[in-house]
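Right after this note come the structures.
First chain A sits with chain B, and in the next complex the same chain sits with chain C.
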Partner chain A sequence: MKVTFPHMGRMDIFIKGMVKALGMEIVVPPTNSKKALDLGVKYAPEFVCLPFKLMLGNLIEAFERGADTVIMVSDRGPCRLGLYGLPMQIILKNLGYKANWLILNTPHALHGLFQLGIDKDVVKYRDKLTFMDGLLAFHFGWKKMLAIEEIERFSLKIRPYEINKRDTTKILYQGMKAIENADNLYDLKKAKNGVIKDLRNIPQDRNRRPLKIAIAGEIFVVLDSFANLDIEKKLGELGCEVDRTIWFSTHILHHLGLDKFMRRSKRRAIQAARPYLKYPIGAECNATVGYAALYAKEGYDGFVHLMPFTCMPEFVAGGVLTRVSKDYGIPVFTVELEEHSSQTHLMTRLEAFVDLLHRKRAKKRVNS
Partner chain B sequence: MAIKVGIPRALLYYRLYPLWKTFFNSLGIEVVVSGKTTKKLLKEGLKYAPDETCLSIKVAFGHVQDLMDKVDYLFLPRLVSLERGTYICPKFIGFPDMIRSAFDNLPPLIDTSFNLRKRPSNLFFPMYRIGRVFKKSFLTIHEAYKRALEEESKFLSSLRKGILLPEILYSWEQKRALRPSNPKGNLCIALVGHPYNLYDSFINLDIIKKLKDLGARVITPEMVEPLEIKKETDKIPQEVYWSLGREIVGASFYLLKSKSIDGLIHLGSFGCGPDSFLRELIADRARKHPEIAYLSLILDEHTGEAGVVTRLEAFIDLIERRKMAGRKSQVAGRHLQSDKRQAISH
Partner chain C sequence: MDTYLGVDVGSISTNLAVIDEKKKVLAWEYLLTGGRPIEAVQRGLREMEKKLAKELKIKGVGSTGSARHLTGILVGADTVKSEIIAHAVGASQLIPEVKTVFEIGGQDSKIIIVRDGVVVDFAMNTICAAGTGSFLDHQAQRLGVLIEEFGDLALKAEAPTRIAGRCTVFAESDMIHKQQTGHTTENIVAGLCQALVRNYLNNVGKGKEILPPIVFQGGVAANKGMKAAFEEELGYEVIVPEYYHVMGAIGAAILAQETIVQTKKTRFKGFEVSEVDYKTRSFECTGCPNLCEVIEVLMDREVISRWGDRCGKWEVLEK
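Then we have the complex of A and B:
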C-alpha cells in the first residue's frame, strides 16, 4: 500500500513527520506547481474551485509516481469540499488510474484519525505498531508543524523591516528545509532556533512604520503559497506587516475545541461576526467576516480577503464584508484566485491597495 | 389596510410559493410578488450584487430591488435545509445577510431560519415565528399552517402527474382549470437543473417553450417520484448533501436508467457551485447510456438566444435522425458531450 494525499499548504510536513516516525510508505506528490495546476485544469470540471483543480493535479502526479491509495478529507457541510472525492474518483477512473480511496467522512481531526485506525488496509500495518508508537508519531509531526508555523510567523514580522529584499524569504526557505529534514525532536529544536537566530540577524531598518494588514479567507488558498501567488511575501516586500489568520494548527485546535483561550481564535471571530451573519454558514465564512471586525478594532490598516473563484461560502462573506468595511472604516481587498490569476496583475492591484492605505494613514495623521 | 409582504420571484419561489402564499393569506396578510424577470430587472440587480456570484443570486438581487419600495415587509426566509441531513446551498443561508449588507433603506426583513437538517418535523416552529412577527395568536397561526400544508401537498401531487410547474402555478394562482400544454408526441426530453433556472423563462431563454415548439414532451426532476430518486442516490458512494442537487442527480440517473427518454439536457447557471459537480456526475452516467443523447447548457447573463436555439435544434435533429435510422447508435451521443477526457489516451 502506497498512500498519497493532496497538498494543503505545508500539511505535507506534518504527515511526512508522522509517517517518518511510523516507518510507513507514502508518496508525497510534488509541491503545488504550474504542472499540477495545468493537469488539474485539463481534467477538472470547468468552474469548480481552485483547490479542487490543484488537488486533482497532485493526485495525478502522485499516481504517476506509483501511489495506489488516496486519503481524502470529506465533510457534510454545505461547501463543495465534502464531495471532492466523488468527481475525483470518476475523473481518475476515466483516466485509467486504479486506486483505493480512504475517504475520512468527517471534518473532525480525531475522528478522522480513528477512522483511519480501523480501516482494514491500515490494520495490516497496525499489527506491528503499538498505540504509543502512534501517539509519539503524531506528537512528532505536530511539533514539526508548529516549528514551521513559528518561523513563518516570525518571518512575517521581520520582512517589512529587511533592508535587502528577499533576505527573509531566502532564510525562511532554508529553514523550512532544515526542519523538514530533522529526524528527532532534538534536531528539530536546534534547527528551529537556528533559523530564528538567522532571521533576527538579517540587516533591518527599524525606523520604518510598516502598515498592518490581516489576511483571511478560504483556508486552502490562505495556507497554500502557490495558490495565493505568495501574497504574504508580496505584501511584506511592499513594506507591510502581515498577520495571517488561519494556520494549520489553529484550524485543528478549533475543530478539537481547544482554542477557547487564544486571543485571535476562530471562535472569537465567529462571535464577532454575529451582527452581520446571523447564522453559521460553514467553512470559514463567518470567521472571515468576524476577523475583519476584530482586526479593525485592533487598529489594523487593511484587510485582504482571499477566495477561490466560485467559492460558495466565501462569496457570502465577500458580500457581507462590504458592510463591515463601511462600519469599521477598514479597507477590504478581495482577491479571487483562479487558474488564470497572474503575478503581475496581482502585484499591480496590491501596489494600488498599499498606496491607498498609506494615503489613508497620512490623512488620519493630519487630522489628529 | 392589510399588511403587504413581498416575496421575490426567485430562488425557491418556484417550489414554496403555494405554501407561503396560503399561509400569509390565511393570516389576513397580502402577498406581493415581484414582476417577472426582465432585462431591466437583472440590470438593476447587477448594480447591487457582488460580481463574482452565480446568475441565480444576481437575479434574486434584482427581484428584491424591484419589491423594496412596494411592501411593508420583505419575506426572505433563511433556507438552511428542507430535508433531513441536507443543505440547500451556502448562498441561500447567507442570502438575507447579503441583502442586508447590499441595500440601504430596506423594509423590515423576515429572515426566519428553516432548518430541518436534524429534525424533519419542525416546519411549524419557523412558521410560528413568522406568524408572531404579525402578533397573531397560536391558534390562528396553527390554522394557517395546516391550510398551507394542505395546499402544498395538493401542489406537489399535481406536479407528479407530468404537468409543468409554471402551468400549475399559473392555474393555482388564477384559480383556473389546468390546461396541460405538453405535447403528446413520442419525443421525450428530460430537462434537469435547479428549479430557479428551469422555470424562469428569462434566464433560460424560454427553453421549455422552445422544446415544446420543436415537438418534444418535457420532463423535469419534479415529475420523478421521490422514492425513485432516493433509490438512485443511495447507490452513490458518498452522500450528495445539496437537496436540490440530490434531486437532480437522482432524477437524471433514474430517467437514464428507465430509458423512457430520448434526450437529457442539463441546465446549469454560470458560477453555480453544485452544478459544477452535478454536471460531472450526470455526464459520466450519460456516457454509460449511449442510446440517450446528452446536452449540457450553461446559462449566464450574456447567453445569446440564437446560440441556444441552434444547439437545441441540432440536438433534436440528432435524436430524430437516430430514431429514423432505427438503430441504437453507439457513437452519435458522444459528439454532443463536452467531453475532454476521451480525447486523451493514457
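Then we have the complex of A and C:
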C-alpha cells in the first residue's frame, strides 16, 4: 500500500514528518508546478476552481509514481472542496488509475478507515505500532509544521527590510529544506534556530517604514504559493510587511475549537463580521470579511483578498468587502486566481495598489 | 530649459511625451508598438530628438506601460511605475479636481477612482477583453468601416441598435443578425459603442463610485461615439483631454519630475540609446517542472538584465 495525498501549501511537511516517524511508505506528489496544473486543466471540468485542478494534477503525478491509496481532505458546506473527492474518483477511474480512497469527512472517514483496516498491509503496521507510536508521530509532524510556519512568518517580517532583493527568499527555501530533512526533534529545533539566525543576519535597512498588508481569502490559494503566484514574496519585495491570516496550524486548531485565546483567530474574525453577515456563508467567507475589519482596526494599510475564480463563498465576501472597505477606510484589493492568471498582470495591479497605499499614507501624514 | 521625458510602452502603441518644469507638454510622439517594444522605443526616441530644440536638457525620465521594466532598463529610467498610477497622475495634472478616470486602450481597460488628487481605488479587466478597443476594431472590420470614421458614423445614428456586448463572439453574431434584419450601419455602430460602454461599466466599473468630473483617455477616447455613449449612460459630462492618447507618457514624465526632486541626478542614458544594439532572447529553464520562460536583455551582446523566473535563480546577475 502506497498512500498519497494532494498538496495544500506546506501540508506535505506535516504528513511527511508523521509518516517518517511511523516508518510507513508514502508517495508525495511533486510540488505544485506548471506540469501539475497542465495535467489538472486537461482532465478537470473547465469551470471548476483552481484548487481542484491542482489537486487532480497532484494525484495523477502521484499515481504515475506508484501510489495506490488516496487520502483526500473534505468538508461540509457550500465550498466545492467538500465534494472534490467524488468527481476526482470518477475522473481518475476513467483515466484507468485504480486506487483506494479515504475521504476524510465524518461518515465517510469511518467507512474508509474500516476499509483500510481490513487491508492486509495496514494490519501489518497495526501489529507493529502502538497507540503511543501514533501519538508521537503526530506530535513530530505537528512540530515540523509549526517550525515551517515560524520561519515563514519571520521571513515576512524581514523581507521588506532586505537590502539585496531575494536574500530572504533564498534563505527561506534553504531553511524549509533543512527542516524537511530533520529526523528527530533535536535536529528540528537546531535547524529551525539556525534559519531564524540566518534570517536575522540578512543585511537590512531598518530605517524603512514598510506598509502593513494583510492577506486573507480562500484557504488553498492563501496557503499555496504556487497558486497565488507568490503574492507574499512579491508584496514583500515591493516593501510591504505582510501578515497571512490563515496557516495550516490555525486552521486545524480552529476546527478542533482550540483557538479561543488567539488574538487573530478565525473565531474572532467571524465575530467581527457579524455586523455584515448574520449567518455563516461557509468556507472562509465570514472570516475574510471579519479579518478586513480586525486588521483595519489594528492600523493596517491595506488588505489583499485572494480567491479562486468561480469560488462562491469568496465571491460573496468580495461583495461585502466593498462595504467594510468604506466603513473602515482600508483599501481592499481582490485577486481572482485561475490557470490563466498572469504574473505580469498581477504585478501591474500590485504595484499600483502599493503605490496607492503609499500615497494614502503620505497624505495622512500631511493632514495630521 | 529643463525638461522631463515620459515613455509609455503598451501592447498596441508606444507613446513619448516631454514636459517642462511647469508640466506643460512640449512635444509628444505616438507610434505603434507592433510587438517590438525595443525598436518602438528607439524609433520614438529618434523622432523625439528631431522634434526637440537643441538647448533642451532632459533632466529625468519615467517609464510606464506593460513594457515598463524593459523600457526602464533601455533608457535608464529614474522611475518605473505601473500605468494605473501614470494615467491617474496625468489626468489629475490636467484637471486637478478629477474624480474618475476611464482609460480604454487596445487590449486592456481600467477605471481609476481619484479623490483629492490621490488614487483610492482602481480596477482592470482581467478575465476578458470584450470591453476594450480591440472589440471595436474587430467589429469595424466586420462592418467594412474604418475605425477612424467609427465615431462620426455613430453620432449620425437615429435609433441605436441594441447589441449583446458581453462577449466579442456573441456580439458579432448578434450584430450580423441585426444587419440581416435591416438595421442601418449608423445605428449598429452606435449600438456597438453602447454595448462597449455597458460592458465596461458592468465589468471594470462594477461597484465603483463614479462621480464627475470624469476624464476619458486612451486610444478609444478618439471615438466620439464612445464619449456620447458614456455621457448618455451616466448622465454626466465626460471630458476627453487634448492629449488623450499620450496621458500615460505625460503621467510618467510628471512622476520622473517628482523623483528627481529627491534623487537630484538622472540615470537617463541619453538619446544615443536609439543607436545601441539591444536584443532580447528567451529560454526555458529546465531546473524544475515549472519550466519558467526566462527573458534576457542584451546590450552589445552582453546580458544586462533577466526576468521571468519564479525562483529568482536567473534574475540576479552574477557580477
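Here is the rule we use: the second predicted complex is superposed on the first by the 349 of 368 C-alpha atoms of A that agree within 3 Å, B and C clash if a C-alpha of one lies under 4 Å from a C-alpha of the other, contacts with A are read in each partner's own complex, and residues count from 1 in each chain.
In this section, contacts are C-beta pairs under 8 Å (C-beta built on N, C-alpha and C of every residue); 3 or more make two chains touch, one makes a residue touch a chain.
All figures in this text were calculated on a predicted structure; none of them were measured in a lab.
*Asks:* Which partner, chain B or chain C, is in contact with more residues of chain A?
*Replies:* Tallying touched residues of chain A, the top partner is B.
*Asks:* Based on the superposed arrangement, let me know which partner A:D355 touches: chain B (first), chain C (second), both, or neither?
*Replies:* second
*Asks:* Looking at A:L277 after the superposition, I want to know if it touches chain B, chain C, both of them or none. Which is it: first, second, both, neither?
*Replies:* first
*Asks:* Touching A:Q174, do we find chain B (first), chain C (second), both, or neither?
*Replies:* neither
*Asks:* If we overlay the two complexes on their shared chain A, which of chain B and chain C does A:P45 touch? Say first, second, both or neither.
*Replies:* first
*Asks:* Under the stated touch criterion, which partner chain does A:I91 make contact with: chain B (first), chain C (second), both, or neither?
*Replies:* It touches chain B, and chain C stays clear.
*Asks:* Check the residue A:S249 against both partner chains and state whether it touches chain B (first), chain C (second), both, or neither.
*Replies:* neither
*Asks:* Who does A:F309 touch here: chain B (first), chain C (second), both, or neither?
*Replies:* It touches chain B and chain C both.
*Asks:* Check whether A:E336 is in contact with chain B, with chain C, with both or with neither, and answer first, second, both or neither.
*Replies:* both
*Asks:* Which partner does A:T322 reach: the first (chain B), the second (chain C), both, or neither?
*Replies:* Once the two structures are laid over each other on A, A:T322 reaches both partners.
*Asks:* Identify the residues of chain A that lie in both the chain B contact region and the chain C contact region.
*Replies:* Comparing the two interfaces on chain A, one with chain B and one with chain C, the shared residues are 309, 319, 322, 336.
*Asks:* Across the complex, what residues on chain C touch chain A?
*Replies:* That would be residues 66, 81-85, 116, 118-122, 124, 126-127, 207, 288-291, 310-312, 315-316 of chain C.
*Asks:* Flag every residue of chain A that touches chain C in the complex, lowest number first.
*Replies:* Chain A residues touching chain C: 30, 33-36, 165-166, 169-170, 173, 230, 309, 319, 322, 331, 336, 338, 340, 343-345, 347-349, 351-353, 355-356, 359-360, 363.
*Asks:* Touching chain A in the complex: which residues of chain B?
*Replies:* 49-50, 52-54, 78, 80, 85, 87-91, 93-98, 100-102, 111, 113, 236-242, 270-274, 276-277, 279-281, 284, 298, 340-342, 344, 346
*Asks:* For chain A, which residues are in contact with chain B within the complex?
*Replies:* 42-43, 45-49, 74, 76-80, 82-83, 85-87, 89-91, 94-96, 103, 105, 276-279, 281-283, 285, 309-313, 315-323, 336
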